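Common to both upcoming complexes is chain A, partnered first by chain B, then by chain C.
Let's look at the complex of A and B:
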């Protein structure tokens, strides 16, 4: 085989591999969703509609960043408490700031500190007490629910400071909202964190083979704790953005993100076994989920039907990934 | 014609020949020993008889009739019962339930518990003296018994089947001497009743005490059949080792004796190790020899902080250091190439690059931020030094051949510039060429003054690479071979605890 042929063949192989890449697959699904939506409701795929999807997907995107890191770390890692932690964050920011701009910074710092402590609790439970992540973080949902009730008296007071609302909802060039830019910054940071830092490398190593990672001199327990702290900080940030969007806190504002954050991660091609995947996929996954939701609303499907369709699409996507992974082995 | 005859037994595992035209002949009413050094094919041979391993070629006759054994069930049908070191008991079930498992006495589908219990009592009764006070623990869950007691139950279970041929594979390894006596007594009764007992063992003492004749294997071939009454221990060892001339090891090299000790260990003990004292000098390779699984791996893991150390002290380059976890060990300048490549050494789903740089990330980063260029450069140099054959550093590590995978596991430690390297059977299952390249690497390491502790399941390799060999037996160092003492005969003799060979 001469070089030209060889190059051609290699390109063919690369193109095929590319088509099997989960990120590419979910991008294709995204395009299909927009195309289908545009047929059903002309204007669905307009620029304005797209930016609107991004604006809302940003909240999920930020919260799912932490989920991505925990799942990448392997060992059945999962954080079911992200939704509740995000809710806690909305409550803290609303109550501490009392809607005043000058108290916003204090409110943000407080929310990060408290939510970070909850993540620390998750991490210590998983790393040192060896509680399975599923059990630990599910238990933490209950704990945080209780804390929120006590902290807010069951009825959160205060509201989003004007500055926060402006930051999240403000319109910039081309009608793109503030939350999209914030998400972009978070996304770039997260991708860098996973690819360009020792922490990121350790996350992948732990997920790929925990025993080998430990025998390579990685401090297993400390890094596990860091995973869950990172996850709770992302959740806290997501909660803050959501508060800016919603204007006022409630005791369950962000609870829905508990499960769809996992869906976004998985649609993005990160394997639940850990060690494979990344944030780019999760970001696309978040957009896919939000687009699907909008599409079903446009199609006027009732809420119950939407959930069914949501579930079916998720299962179809996952089976596609599963097939592709088998083919590679 | 012998009662049991296995002839022309061939078995390959991939490229490795485990058995070549091996054979075994034994009679009824005989206890027949099966002997051989590590890797002689001894356990493969008896697993073929019990149907656990499928041979490439075999010709078995039992009682004059050809016997086709292609699974444990067939073996059963031909009256062969086996006891292995790995137990086949169910921990949560009672002793009775285990003894009657799959042959419960039932009428119309209802268990008849009393009948089962009586049958179990009868079976275990022969071994009563092996239990405290002679009380049979019939209703106790297996999991609550000591390992020795469990082994006795396992033996009883096999005996209960009234086999014509009983295989006791290292069955006495976890027994106390009193329990061994009980088992031997039963074996003698079986023998008197006309049963053939096959007894593969490393314990020469037991072979001489119990067996009438023995088959000795060497490198997968029949080395000899002996009548034990006419054979001495040293003759047996010679049969096992052969009189092959072996390349001289490094025992004659004394240059390292001048150099400073890099690793010093004294009084080390873990759950499985006792009283370990050793010292390794700069540029020295110290081999850990003996039968497989006598604590060699355990020692390497203990030194590396991945097995809990009960007591003892350790110094690396004169600094006291007893790592509580591997991270500390790495910081102290140790490196471990673990025995199980895929389970403990590789990050299977990650690229070659990341596999190579995991332990040394800190050196190529500042405040946690990686320098991709320096990382790639380092990985490339390690890959080059080990002659790893790869397409791109970004390819998955599992795309490499086994030998190259192992080189990655070794290569990642070159980048941490360790002072002590612990190698746990580093050439297991890799091709000859990769082996040679790893040997060269070990030599290069010692030239740089690194201290090496080497465990190997291949005695030739151990003899060829080591300056000294510490021989392990049941968790203790029982002999040290140096200089002219580095011979296969001495190694096997020491491993089997024979006074002199």
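Let's look at the complex of A and C:
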């Protein structure tokens, strides 16, 4: 085999590997979804429709960023409380701000503080009490539900300050809404956090081989706590954006993100075992899931059928990349 | 006499200690929790020992116990089923809709079949397509609840009901013991039988080490599929109890059984990563959760903080279970 042939082969292999890359795969799925949508409902693949998808996907994208970090950290790490924490954040911001712009900053700080404390609770439960993350964060859902009840008396008051709504819904160049820009900033920050900081390297180290990470001097417990605090802060931010979009809080506004955030992470190519993956995939995963949702709305299927189709598409998406190693390997 | 025939006290203590440490410790924790919640109920709830109260505690715990035993089998095989509550929902709406046209027993058989079929689909997705169990079963939960909505749309006028015989029978007693308590015993017995089958031995093996079991000739794929089928079947049994308890079906009921079933098995000492534990502990864990609920009702806290106390109690129980298992040197 001469050099030219070899180079050709190498390029072919590289191209194939690139096609198998989760981010590329998800992008291809995205294109396919838009194409299919355009056939079913002409105009679905327009630029306006795409920006609309991005605008809503931002909430999932931000919440799923925290989920990505927790899952990357391995040890069966998972955060089922992100949805409820985001809901709590919407309630806090609405109640503290009472819809007034001058109280917005105070409301945001309060929401980050309270939600961060809940993340701290998750982290302590997982790291020090050694409760499996799945049940710890699940138990936390019950606790936060109770806290929201106490905090709001079951009927959250207040609404989104005009400034927050403007920030999230405001139209900028090309009809792109504010939430998309905020998400972009969050995404760049998250990728930097994971790739460019010591914290990020530790997350990957913990996920890849916890024992080795510990032996090389990483404080396991403290870093585990940080993972869950980070996740709760992202969830809080996602909740704030959602409040800006929805206008008013309710006791279950963001609950739906509990499991769909995990789906976004997995579709984006991050393995639930930890250590492999990244935020770019999750972001594309969030867009794919939101596109699917919009498509189902456009297709106007009755509720029962929509749920079934939703589940089936999710399975198809997962089987594209969410698959585990085969046994015979 | 030789020393083997008359074990000294020291030997007995040593045996007891190794028995506890050989994985019995978590179950012992669950039993201790059960005792504590029981005593607390006796002390605080004034009409705890009335026949009505005892009956309703057992009547309410059956759906949870049945689903949690099914979930335990799945978790032992290193899986998890986030759709198990929606399987119970689907099988309950299927059963109740068929009681009128087919009769009770055939309807229940179809209900069982639907539960097993859902489990089969989950099992195929996890074991053959090799999707990660958490997300795969999350996805199928949409399918099952969508199908349930299709079979019995909410707000249907003249929604089908279970025959009164079933509803009455569920609340009655035989030999002074509530029928629901007999059913709980039956669930426990079913586990004891199941535990002695080759399938469950293989489930423990697969849960302990998937690769090693594969290498030693365990049909891992088949075993994993079967755990989900067994889980789905238990979910169908749970759906019968739900139907008997309320008389009618609700296409939205059963959803939160999934998460409670996981809490029950963790409190009962089953390891979430598979291979260790058992449904005996799970049933105790389910009872603990039910008694906590009953305790909370008895305490009559202001309605606003009730949910918070409930959540904190559950975390507390989970933390105790977690602390014990960490004594064994990690999970």
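Here is the rule we use: the second predicted complex is superposed on the first by the 321 of 329 C-alpha atoms of A that agree within 3 Å, B and C clash if a C-alpha of one lies under 4 Å from a C-alpha of the other, contacts with A are read in each partner's own complex, and residues count from 1 in each chain.
Following the convention adopted for this analysis, contacts are C-beta pairs under 8 Å (C-beta built on N, C-alpha and C of every residue); 3 or more make two chains touch, one makes a residue touch a chain.
Computed from a predicted model, the values in this text were never measured in an experiment.
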Contacts of A:275 with chain B and chain C, given as first, second, both or neither: first
First (chain B), second (chain C), both or neither touched by A:154: second
Contacts of A:21 with chain B and chain C, given as first, second, both or neither: neither
First (chain B), second (chain C), both or neither touched by A:211: first
Which of chain B and chain C A:259 touches, first, second, both or neither: second
Partner chain(s) touched by A:199 [first = chain B, second = chain C, both, neither]: first
Dominant contact partner of chain A by residue count, chain C or chain B: C
Residues of chain A that touch chain B when the two form their complex: 196-199, 201-202, 204-205, 208-209, 211-220, 275-276
Partner chain A, residues of chain B touching it in the complex: 304, 306, 325-327, 329-331, 336, 338, 343-350, 354, 357-359, 361-362, 365, 368-370, 372, 412, 416
Residues on chain C engaged by chain A in the complex (per definition of touch): 80, 82, 125, 129-132, 134-136, 138-147, 149-150, 153, 210-211, 214, 220-221, 259, 262-263, 266, 272-273, 304-312, 314-315, 318-319, 321-323, 325-326, 331
List of chain A residues in touch with chain C within their complex: 76, 78, 125, 129-132, 134-136, 138-147, 149-150, 153-154, 259, 262-263, 266, 271-272, 303-312, 314-315, 318-319, 322-328
